[in-house]
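Okay, got some structures for you below.
Two complexes, one shared chain (subunit A), two partners (subunit B, subunit C).
This part shows the complex of A and B:
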């Protein structure tokens, strides 16, 4: 777009304005945490255990510390706080003080003058360990006499829970068709470009300042403070734009280590940036999951009963493993009406790398199983695969599988209708018949949904701050990180719309705990929803103030004819105006700042269906989607080509249609990676896929052009009717591709990812 | 090289630099950059051979009309290596010296009976590619030698050609199995000569003389194809690794040969 026309365009809700960060990111001007190299910077790095389970007996730093250029080497005894990090469960040592529970556990922290000296010093740190018997899969971890990883967690269970509605066990006898099977999904890595990193320094007054690639700057302060023994008021977090996050930067990565290092460098800044291999080993990952499913329906396809059992491998530490499992359970029967449900979940510690948050956490595992089961059931009943989904789709007023009444916008039926009317579905049979020799073609469907927000008992709040600057612009102080999903651009658009401004009068500041106000993380499909709601209120206040102060200056006794225009307030009848710079010089500082908060609604009528849940249950707002994949299979090699992909999505109202589509297309791309190739392989607790040579994510040639069609819904609690759509699209590709493969060649793949090798082996059985 | 015996020769650096990334700062060798010798990137015809300089990048090779005209399977094969950035840096000489069984440029060179030219202060020698590479990462290069050129004999008697690679994705992927084949037919339609080579299914790129002989003197029919494929899969020795099982690699290797033989797309003269 021409810059001049752009600059005079007022930002409006519902328009595809270019992303506010597009030009800077395309030109390489956007400064990420990784781009910060303060003068005199030191480098910090962790010495990692390399064994899956053991006791740390002694650390010998004598050789390493003798290396010229090594500043300090810290061990657990240097940690003054609890030495335990974790979002909910504080169980992960900043530096190991006794037990090593996985290969990536840090046993010492080295600080050196240069990166080269750092890597040499890390190699010179010696430590002795006593190896303990380890467990590498949930089944052996749950076995009797299995080694116990955490004393307070008998049976190696982080959590065991159950959702029970109706009487599933006995109602299977009332079903006309019952299908039963077992599924599994692999560990997935986030694969963000910018690995975990940050820089930190101690100010003269003792406060620690950190610039970190993080999804949760405000909560980080609590985690860091607890672990290293600092009042959280003494920690300032600055969170620039992220080079990707996808959940992997929700919870401390480099934070506690960096804060610890900065406490020992007399004010010199310290930088830590994980190499890709370190990210693969010590970064959080999506939980592997094993699922047993039994699903029954009446002759006409009406779902009647489900019993399923989900086992999540959370690795060595809790992170958000329990919440991941809970969310999977809450979604375990799909966006459908099922009167009788028994959903059991177990989240189990092993000596594997740590499972944590990742886009659509818990849900994309269960969706694979459930949506595969729906096709199996349709086949058993001789029903159309779309019809069985439409028949059972949740509508407002229904109870979902967890027994929660759907009182918010529920658009799954509308999404399925869009899919059913689309040429990709309507022409499916013709397209299959035109299949070239040596190939087979298939079409697969998946209904998806994904909860938004933290869920019950967790306060889901954001505080927006809007400021009129002295140079006459509106500054939006974002308090929730932008990891690339575009929420900060949406904030600019909301503020511009509310205040009648064009892009050059809006400045978006990325989160800084010194100037923004405490808000939740950038996660859980709640980022734009929660902060956006707070921002609307702050902008309403700002608008009222600007009009009132302009009225004062113009001697106008009412608001009626005063209007906001780019950079000024105008009075139409008298053709007079007051510029924002004039207003700013007239208003004292506190008058130029508007702050407003929003707390997301929670379920008022909590069903007593869930047992063993700690927090995060239930959710009341969900995004929905109906997905379709058309694939072509090479029968000689098993290689799958995804030819077309369609995602119809209910995300409520839309602030920026092209950013909405990008979220869906990005989710589908990451989902297709999960469906077809992403497989973080571990042997005896050690990653086999150590870098991007072994761990493959899809490239542009592996992905179709994904068609994204919005279902035009409206969520009455959302900003401009919006619901978050960052996660929902991730859920569709794995089951859609699995169902398409079955449609193509009659073979069903039960264990993700769906590789050419697995397909060929199944075809040749 | 004489003055600096510890130095390593670097062509495009796409393999070497990745390997050196984890070498300690003290153990990183000095590098001699071959990219500073422009003559090494020449692609010319000489004495009836297509001569490709060892420093020619994959991008240059793909785009060169001499390669497209006389070694189209090599052009196709190098086009499957990495992605555009890697192809701009990586060279044919580097791919040969790396001597990976998964080196995608190698099977067309094996099938064409290409020779490598090695230059040292003591003189120049030429050796067949299949004799030069003798194991994964191993070649017959001597300490004082530089690989300067790859000579591909022009042999336009072959009417059918094929290169196909199966990887775990469509770019930036190491081959799970790759196949290059060519066939020469007599006028009566019987196979006069067959040459097949596979990547990623043995310690080096592998020919299968038995699979080739199974066709010589025969027409391509169900029986001869079946025999040839069986000979091929029996002769290969793939491994299990994180990318694929040995069984899958063997199956795909056979399937690629079968696909070629069932539809050899005969051309009057290859273009």
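This part shows the complex of A and C:
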């Protein structure tokens, strides 16, 4: 397909049109936040505490400020607002005013003429501290008399919660087989290639304008305004395409510091970009988790009772730690029917780097434990590993482990069937027998699911705006960031489809709070779902309006025979048309704009199963998947090669099959990194992992060519039947590889990642 | 120091610090922001340029080292037949997600395709193994390089 042919092709739902942003990105023309170097720009950077717990006694900036080219050095006393940032709990200082709670806490903010002067000045800022006893793991943080991180949080608990359905404790005695074990998962870094960054400046009227690599431009204004003392109407956020996000740019990173700097530079723009090492230290991370599981079933494999206990290390500040844990708990028994469940969760503060949102948050931890348990149970019962999953798979009308009735599309059984019919599964035994000497082959499965949307008690909404521009094109004002997942391209495709347009008549604007309408974040598998629904309605209105106004111009007394075509409205019977440019010059500005809101549905029938939850419970829409990994193990070294990987996914209807596969292949890649190599090391609160030399993420030679197969479902509440699929695929690889390793050599790894050393050590036991 | 080099086919002379990183020279001083900085330590490949036709990490290269050399950046691909084919293949194969690694990927693929347009899938993976992508899992990136290779091979045979 060359540019000429596809540019006149009307955009249609269900077609693999090239992404609207691909040409610019492939040519290096896309402008990310990091690509902005306004004239006269200054550089800002934070001085980081470097100790895990202490009291900040004094900051001495005298040497640093004397350095030529240093504009200003700000400390906590310069922060006019609450000096506390955070999405839900405002507990994280913009600049430390008293206690230091982890190594990455910023104690001062330096602004300088150049990057070079900035780094020299940062090194010259002196500060004195009193070291306090610290806690580096949840167990010691929960111990009696442990030092408290936050006065208002006794026991260092950010949250303690429970889901109780039926009577798990006594029903284990009614089970024929019970398996029990303990698992853990490591901290994971997002590893997006564009580190946290932005530019900001103050306009003459006092407003702060910021171009930031952020997943939540609208909500950022609340966080910044609160922290640095600005009315949020005085903050304009612009969020261009992101060089990756995966949750790590949800919640303020550079925002508050940058706004603070811009308030002190008399209108000169300020740029801040974290280096990779600063990203590793101060960027949010996936929560490490320790999980105890007990699972019981009847002889025929019917799951009967589960009791589990999940402990998440949230690090020094709350961020979304409570919500991460809650979501993990809601998924803790897998996409299965289990009548008796007792799921306990604890989210605990430590003096470690801050845990935050990351793709499939909370869930990929629990999935590792649960799906390993399913294989252990199958072995105990002598059952087929696929059959036991199929037998227990949730179907519409069932209650899930949190007691929520599944009233939306529930395609896990369909995904498992795809897997069962696939040659990679059917030829499994032959393939294993053909194993070369010195190797062992194994096959592992995992059923996965992931909730979409914010969950109960949080309004999950988006407002779409479409505009007919004076030059005769349809502008879609996206209000939710595109961090790479392609939601903005899906929006173009939706608008094109609804309005009968080809790509050259659709212009997509990335979020700008000055022109788009308040919408939620780019996260939680909700981005395309929520905004897409709003956009459909806005496009319907726009279509009706364009037709109506064309009718006026053409002196036609009804709308019946008028239709939209690329760039124009046509009247079939009279073969006349009106171009969009003519229409635009005829319509006043308000008339050329259509706005529509969508609010995602919430559970109407909330079960009385959850205690201690704050918000975000329960969810009612889930994406599902069934994964299969075929691995080969080198028995001399323990090195694992993933030979094949298959992911069957129920994401409901599909807007663009190629983009659907992108999300699945990308999620699996990140999941395989998590499964086999990514292990963010922290010692006494200090990251030992400083860059990509120490933190290995998968390269082109580390991954198989993942096969993605959609289960063609339909979610009646979704735009064109769609459910979000950004997160679900992340959950499969760790348990699938663990199960494959066990299948290959009889050894089970309980603590991720599954490295060669661990496998070898376990084999030699 | 004063340095002279060829940049995307045009001669360029400028005065800069000899130890200025080439990535900063290109992005900040010359406004060529197509190449990206993903790590600054030679691990990710997002900053890849061609120097005398071979891949080079611009975050580890200093201004003095490009004096007298021929530098090609992603912005120069539109003037090369192989470059145009390659970019189109990335677009059509769905190889682009966030796109931050993509310019570097293309620069890494280009010398391979020029020499061996029919490179096997695994050789493509080897050629790209110094370039990290966090979004795609590489499948469609390798598909794109394969497609470009096929098209370049056809063009070459046609000559």
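Criterion: the second predicted complex is superposed on the first by the 765 of 765 C-alpha atoms of A that agree within 3 Å, B and C clash if a C-alpha of one lies under 4 Å from a C-alpha of the other, contacts with A are read in each partner's own complex, and residues count from 1 in each chain.
What we mean here is this: a contact is a pair of C-beta atoms (placed from the backbone, for glycine too) under 8 Å apart; a residue touches a chain by one contact, two chains touch by 3 or more.
These figures come from a predicted structure and were not determined experimentally.
By the touch criterion defined above, A:120 reaches subunit B but does not reach subunit C. Of the two partner chains placed by the overlay, neither subunit B nor subunit C lies in contact with A:435. Contacts of A:602 after superposition: neither subunit B nor subunit C is touched.
Of the two partner chains, subunit B and subunit C are each touched by A:693. Contacts of A:381 after superposition on the shared chain: neither subunit B nor subunit C is touched. The larger set of touched subunit A residues comes from C, when the choice is between subunit B and subunit C. Applying the stated contact rule after C-alpha superposition, one finds that A:35 touches subunit C and leaves subunit B untouched.
In the superposition on chain A, contact is made by A:662 with subunit C only, not with subunit B. Residue contacts after overlaying the shared chain place A:701 against subunit B and subunit C alike. In the superposition on chain A, contact is made by A:192 with subunit C only, not with subunit B. Overlap of the subunit B and subunit C contact sets on subunit A: residues 693, 698-701.
Residue ranges of subunit C in contact with subunit A, taken from their complex: 24, 27-28, 31, 33-41, 43-44, 46, 73-75, 77-78, 87-88, 90-92, 94-103, 106, 124-126, 128-142. Every residue of subunit A that touches subunit C in the complex is listed here, in rising order: 1-3, 16, 18-19, 21-23, 25-32, 34-35, 37, 115, 190-195, 241-246, 275-276, 483-486, 658-659, 661-662, 665-666, 668-670, 691-693, 697-701, 703, 705-706. Those residues of subunit A whose C-beta lies close enough to touch subunit B in the complex are 116, 119-120, 123, 438, 636-637, 639, 677, 681, 688-689, 693-694, 696, 698-702, 755-757, 760-761, 764. Across the complex, subunit B meets subunit A through its residues 24-26, 83, 166, 168-174, 176, 242-245, 248, 251-252, 255-256, 258-259.
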